[in-house]
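Chain lettering (A, B, C, D, E and F) follows the sequence in which the chains are written, and residue indices restart at 1 in each chain.
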Amino acid sequence: MSLKIVTLGEIMMRLTVAGRHRFSQASDFSAVYGGAEANVAISLSQWGCEVEHVTALPKHDFGESVLKYLRASRVGTQYIPRKEGRLGLYFLEVGAMQRASRIIYDRSDSVFSQISAEDFDWDEIMDGMDWFHWTGITPAISENALQLTRKALEAAKKHGVKVSADINYRRNLWQYGVSPVEVMPELISYSQLIVAGQTDLENCAGIQEDTFEKSCEEAFHKFPALKYITTTERNSISADQNELSGILLTPDVSYKTKVFQMDQLVDRIGGGDAFIAGLIYGLEEFGEEKGLDFATAASVLKHSIPGDANEVSVEEVLALVENKNVGRLLR
Amino acid sequence: MSLKIVTLGEIMMRLTVAGRHRFSQASDFSAVYGGAEANVAISLSQWGCEVEHVTALPKHDFGESVLKYLRASRVGTQYIPRKEGRLGLYFLEVGAMQRASRIIYDRSDSVFSQISAEDFDWDEIMDGMDWFHWTGITPAISENALQLTRKALEAAKKHGVKVSADINYRRNLWQYGVSPVEVMPELISYSQLIVAGQTDLENCAGIQEDTFEKSCEEAFHKFPALKYITTTERNSISADQNELSGILLTPDVSYKTKVFQMDQLVDRIGGGDAFIAGLIYGLEEFGEEKGLDFATAASVLKHSIPGDANEVSVEEVLALVENKNVGRLLR
Amino acid sequence: MSLKIVTLGEIMMRLTVAGRHRFSQASDFSAVYGGAEANVAISLSQWGCEVEHVTALPKHDFGESVLKYLRASRVGTQYIPRKEGRLGLYFLEVGAMQRASRIIYDRSDSVFSQISAEDFDWDEIMDGMDWFHWTGITPAISENALQLTRKALEAAKKHGVKVSADINYRRNLWQYGVSPVEVMPELISYSQLIVAGQTDLENCAGIQEDTFEKSCEEAFHKFPALKYITTTERNSISADQNELSGILLTPDVSYKTKVFQMDQLVDRIGGGDAFIAGLIYGLEEFGEEKGLDFATAASVLKHSIPGDANEVSVEEVLALVENKNVGRLLR
Amino acid sequence: MSLKIVTLGEIMMRLTVAGRHRFSQASDFSAVYGGAEANVAISLSQWGCEVEHVTALPKHDFGESVLKYLRASRVGTQYIPRKEGRLGLYFLEVGAMQRASRIIYDRSDSVFSQISAEDFDWDEIMDGMDWFHWTGITPAISENALQLTRKALEAAKKHGVKVSADINYRRNLWQYGVSPVEVMPELISYSQLIVAGQTDLENCAGIQEDTFEKSCEEAFHKFPALKYITTTERNSISADQNELSGILLTPDVSYKTKVFQMDQLVDRIGGGDAFIAGLIYGLEEFGEEKGLDFATAASVLKHSIPGDANEVSVEEVLALVENKNVGRLLR
Amino acid sequence: MSLKIVTLGEIMMRLTVAGRHRFSQASDFSAVYGGAEANVAISLSQWGCEVEHVTALPKHDFGESVLKYLRASRVGTQYIPRKEGRLGLYFLEVGAMQRASRIIYDRSDSVFSQISAEDFDWDEIMDGMDWFHWTGITPAISENALQLTRKALEAAKKHGVKVSADINYRRNLWQYGVSPVEVMPELISYSQLIVAGQTDLENCAGIQEDTFEKSCEEAFHKFPALKYITTTERNSISADQNELSGILLTPDVSYKTKVFQMDQLVDRIGGGDAFIAGLIYGLEEFGEEKGLDFATAASVLKHSIPGDANEVSVEEVLALVENKNVGRLLR
Amino acid sequence: MSLKIVTLGEIMMRLTVAGRHRFSQASDFSAVYGGAEANVAISLSQWGCEVEHVTALPKHDFGESVLKYLRASRVGTQYIPRKEGRLGLYFLEVGAMQRASRIIYDRSDSVFSQISAEDFDWDEIMDGMDWFHWTGITPAISENALQLTRKALEAAKKHGVKVSADINYRRNLWQYGVSPVEVMPELISYSQLIVAGQTDLENCAGIQEDTFEKSCEEAFHKFPALKYITTTERNSISADQNELSGILLTPDVSYKTKVFQMDQLVDRIGGGDAFIAGLIYGLEEFGEEKGLDFATAASVLKHSIPGDANEVSVEEVLALVENKNVGRLLR
């Protein structure tokens, strides 16, 4: 597929405790890079799209490491300023059985949070693009990042670029004095496709309804540009065992996939990003119903792969949609 | 909680085969220290109790390593003599699927087995203490260790210290010419709380009844000081999948928790010790019913953590009791 | 058991990606040696049989490593020529959840594929032997290997050696211009026991029937020497979770074991070889019904053990047949 | 030795790239905790001193991990407040051959940098103590940390506690608007023993002389309380090969040790801290000349041990002073 | 530097035995990709050149992995056909002390060896390029690869592209029936710069003189286009300790660097490639004398870095040229 | 070479601390099996001798592992009883720089120490053998082991088998009430070749002379059967750097090899065993002078190889004798 896509967002170093140990037992960490939007970028690039990722990176070696990581997956890096400062990072303790997974964030004051709208010429970036993807994490980071998102969205609109957003409400962000309901509705209004659950809609769009369906109805009403609301339903039986299904609503129709059993999860980080990447790809290639199946299957497969990125091919995702090769040994 | 607790027992080095290999394939071992009673000590210390652990350790570096390990968890080490000799150890092959886990013990002639009652001033140790915990492993090791247990129990009684015991009958111990039924009843008679299953009661208290309930009735009759008999019911579906529930009996009432599904066990060693620690803590803090829930949940969480020690907080155990956060990703 | 057994077949280096990573993420590989027939040899040798494995190995160090590996398990190596050339190898990406496991073969032009019938004196090899085991992989490799198999089978017949064969049809082999249906029926005709599923019978014996049972009936008709057809039924719920049962047919009777649940598979490579080894041993020791139980239980246990070889004792297999010790902690 | 010692300073997580890789190749890190002053504390505690370390730690799990680490070595932790915020950290790329080792610091805005003088009752802390050790890193971190150091020094003077300081000038600190020459002379004036090289004296005491000896003369003149200036001379032949000698000056005498060849360095972090700990211990136990030998030998041995802490006994250091057991195999 | 460079050559997977073990003890391998010419490409790309690498890769996942590897370092991959077949590979046993390092090659019949001159439009590739680098390994692999080299060189000449060659005579290649002296002189005649020692000149250019200097004189005579002959002098004291110096000859002048001591080598594979990359860069940027220093220092640093690629910056190489920062700890 | 050799001695599990950590930091151990005499057996078997190793092993899995280990190297295991009891083991902390390596032995009460002379039919074992090798470790272990050694030596004499002995005086053995000078002279008197230094001769043969040469003179006088006294001279510059030379004395001549520099030692355990194996082989194949060179070169190479066994070929040893290939990269 030859879709041209821009993604915007912070990339962090994830430091995962080795060997099922707890933070208090940790002596070894494995490091990967990732970020909600960059994860989407990598999925789409691997599936044949031309993707540019917009972010800021520190001048030190880990900045270069992130560039290497993006380039390896053919994600464009030409709009990435290098700045003095730190790379955001977080520590992950992987849960087991009933014991929950836990994250210690250490992302404040990263170079991305200090990014300035002036660092980018959005007209140049958006020119000729088909799609722009952002998430609610970016405006939650800092006033600067909020302005940057706004500028990007204005340019996307000006250049006729379709917009998708993962609302992704995070209570522990939004620390800079602005409430999401004050600013997110405007940003959402630029978007044709959003990933949002009921609480996201409540916290970021100020929509309080009894059911998810009613909240969506209200959202379609409130945001005329909006064509799709999508989400996944996750049932956490244990840290190792989840169930996942995908939901897609238009103002007229709603779709729901079957429930995928996910036993012995390998890595759940990036599962949501794999879903939205799958939906962007799937809607274009396969339409609404099969597109949702594709997105959900892509997300399921992500849970079997270490790291943030969804290292699967279109063929592998389609095989799962058709329930082929499941758990087999392919010689 | 400010309970003051004494525990008594051997600490060994556990050498676990790396990477699901069998003993016959083993080339790498990871080492942790642990012992049934020290595991209880660490749990209780982490939950805020003041705990002294009484044992003996070799003079060489691994003796110092054990001290470091105890001190790290704030377990008191002032009553631990260092002696010429060896540290008991055992090798663990972790099972998988239907294949059972296996242990090769190599604990004979350890410094603990040669410990002498004269090495300790039990009056000093028990003075001001609230609780003393011992297990049936100690008197099973050697004549010396039996005498030591007896002295400790006499002192506990003298100083009004409550006593708990994990009967823990092990056929491959008791090699020094004494049969458990000859000596255990006397030791048990000092205890207010015991962990015992039906076979434990048969082998160590000489109680042979048709059902566990009847055996307990008989035990309450035989041991007037006894207030609680407790045990866990474990169903081993496979080496990776167990079911666990907790049972607590008083002379009047009996409690049983729900059955916890434990899939993808990480480390079952210390699961029973986590239970009894949870019960000591739980009875004091929450009473009988919730105390048993707390104990069982603590034991379940232990199965998700590598090593002998139960590295969980009171809050985490209580969350599982209330079925909160199970298998989630806590940001 | 004092059965004297000859096995024939290629041994390869298996390079397994470490840590659940995909090929595209691989930076570390663990290496083991194995081959369908050698895996059978090792099982039988460990259970007390006298086994000679016939193969060819390169002159370089990995050839010596394979010899060490065989000798360690008491498998005879006196009929193994060392030749200039390469050791066949393959890369394994271990699947997870719905994601399938995958193999990249790199075995062409190995020294085994260039093996010559003249390298061996089959009269000497077969003399005094009780059993000869071969698989459909060998004649699929090269014209030379086909000739070699034929010579071995002729000698087996001449010396009154019983013959078993794992048909094991592999589409990606058979590249040297011969179709299996042209040559396999003759080779099969020497065998008293074959492992074959319906597709194997179709592709290698040219038998096309509606059901496996009918195909077997036809096979018994077509191959008068044949006494047993056996196979396993595997249900791949996921890469980590399979179900397995064993089937054994004679011209008169058919047996099927219960279905074994295999959760959290450790290593499925060699599972089929463990089965046929178990059946050869089981038929001799326990007869048809219990022999099949033994074979299936042996195969189940193999799935819990890293590497190609089934490092289990007869006692462990029998315990599983009787559902003893399952998933326990044996002190 | 029963010296009672207080140390003050930040503790960070050190994340060392595994396996001689560069930052740009890093995927695994090993984590240890350490800090210049805490490293001194641990050395002295292991050699029998009673040590309290004063610092601040975050409320999250890594704060608890640091406490565990200190307690394991018997370092007192009663004056350590837990605060909301981050733990300072740094990444280490270990050099090889001519290639230098490199550090990426990520310590800004740590809880320690936000520590307040009001968090501590220095009268209580210093009461009954024999020695107080601080370094020039602490006042370099933040205005708060500067005030804290000043309060500590005032209390030390008031309570008659001896003071040692490692001047340790770091250009990349001192970012909060104060120049070291403005404030360090006052702080140094409280100290009886300082570790300082010629550039330290220039940058922190404003002393510019032609030679180190003259600078020291000037320093003794400027700081009447000062009895000892000490330093190590390190010759970096390569990242793996250094030469080290120790120097100690009093107003009257100067001592220099022999040059120790250090080939195949294991870990040079903490080498200076091992030296000053050795000198504090050595001056008390052995006097000036042998004390300096002890300090230098302690530092040499530190370079052979992974981690920040110098895990050596007094006996081992003394053996090296006497050139015994060097590189032997002690059975 | 904005030099535009083309490199041509095979890329293999290198499987290095983990942990100083011998092949006969090997159970774990780490995998990196590399090839003499691609190593040069990566060095130059990292230093700012625009580089296209020409090769052929298999269709399976490891082909994609190689592309990822090249892209990560900004090496252009647009002229790389993907073909059915295998990736060449080799196993490396790293020596220690007097014990030599050893390689088991397994590269025959790789897709690169079957590459066809028709797979490439050399006019398109060479157009606008400044430099073309090849090595004597390529024509040694197969008749096809020889033809390909010839076509590339003809196109280079036609487009006025400067040519460098690493003669790199390997006795164990050249197996396809052609002798190097028959074909290499023609190929060398296109080159302005060659890396060659005395034996290379003898085996590949048929030049037999008493000394390297005389051989070079003869070579300049025989190959009029040749401006530079260069080589390194390596003294292998042990597997861990080498000495290295660089030599550069023009028809008129000769340069030799100082001797660099290399103790505790980390990885010597790619050391020669780092040298030639350094010389290409150095001659353009710094001229002959300093260029040779740059090349030799680059090669020295390579020996300190795991993997084939020389992950160093121009600044780091220049620092070593000026003997700065050697073995230091750069904070 | 077709020499038939018997060796006698205990095999232990060696547990080596991973990653240069100290015992007090150890959490991972790698396990190998070895023993002074078995190490000799493996060397000689790899060089073509027919070797039987006599020992006793426990019935549990590690006993089987030792058998696998011996069989892999073609060492005969037919005279090895399996007994109830433990396998001796020891822990090794590998030194670094000036820091010495250290061993914690845990070998008491092993099955070997309880071995009985009645367990073996020495007439059968010695029949047809050429050489018997024992060490002073065996009689030092227990009264039983002493008797066993005596019986073996008597049988060797009776069957005309040549005898070599590594005197190997260990102060921390000989704990069972017998002094080496009481029993060793008789045992030594059976031997034609002994490895002994001056202190060995003093402690085990009661020979006190000023110099090693004089002690040897006296030994040749005292033990008429003795033809060779040999030893190595080791200079421990650091744990990583040793110098080694070999010495061989006959009653008439004395030989000394050059001094081998051993930098960056990989594993020194088994270095002496490699020497004596080399001398047994070398004397037979190459005579006294070259035999000593062979022995010393074999020992040097052992220091470059992890584990107890000397995994080198005769060709590799000879290459080092001739100073060929030292530290090279052999393609």
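Odds and ends about this structure:
Here is the rule we go by: contacts are C-beta pairs under 8 Å (C-beta built on N, C-alpha and C of every residue); 3 or more make two chains touch, one makes a residue touch a chain.
Keep in mind the model is a prediction, meaning the values are calculated, not measured.
Traced through touching neighbours, the fewest hops from subunit A to subunit D number 1. Taken together, subunit D and subunit F share the touching chains B, E. Counting C-beta pairs in contact across B-F and across B-C shows that the higher total falls to B-C. Note on chain placement: the centre of subunit A and the centre of subunit C lie 46 Å apart, centres being C-alpha means. Between subunit B and subunit D, the centres computed from C-alpha atoms are 42 Å apart. Residues of subunit A in contact with at least two other chains: 22, 24, 27, 68, 263-264. Contacting chain pairs in the structure are A-B, A-C, A-D, A-E, B-C, B-D, B-F, C-E, C-F, D-E, D-F, E-F. Residues of subunit F touching subunit C in their complex: 68-69, 71-74. Interface residues of subunit B facing subunit F in the complex, by the touch rule stated above, are 15, 18, 22-24, 26-32, 60-62, 64-65, 68, 86-87, 89, 91, 93, 104, 106, 108-109.
Of all the residues in subunit C, the ones that touch subunit A in their complex are 19-22, 24-25, 95-103, 105, 170, 172, 236-242, 263-264, 268. Against subunit F, in their complex, subunit D makes its touches with residues 260-266, 300-301, 303-307, 311-312, 316, 320, 325-331.
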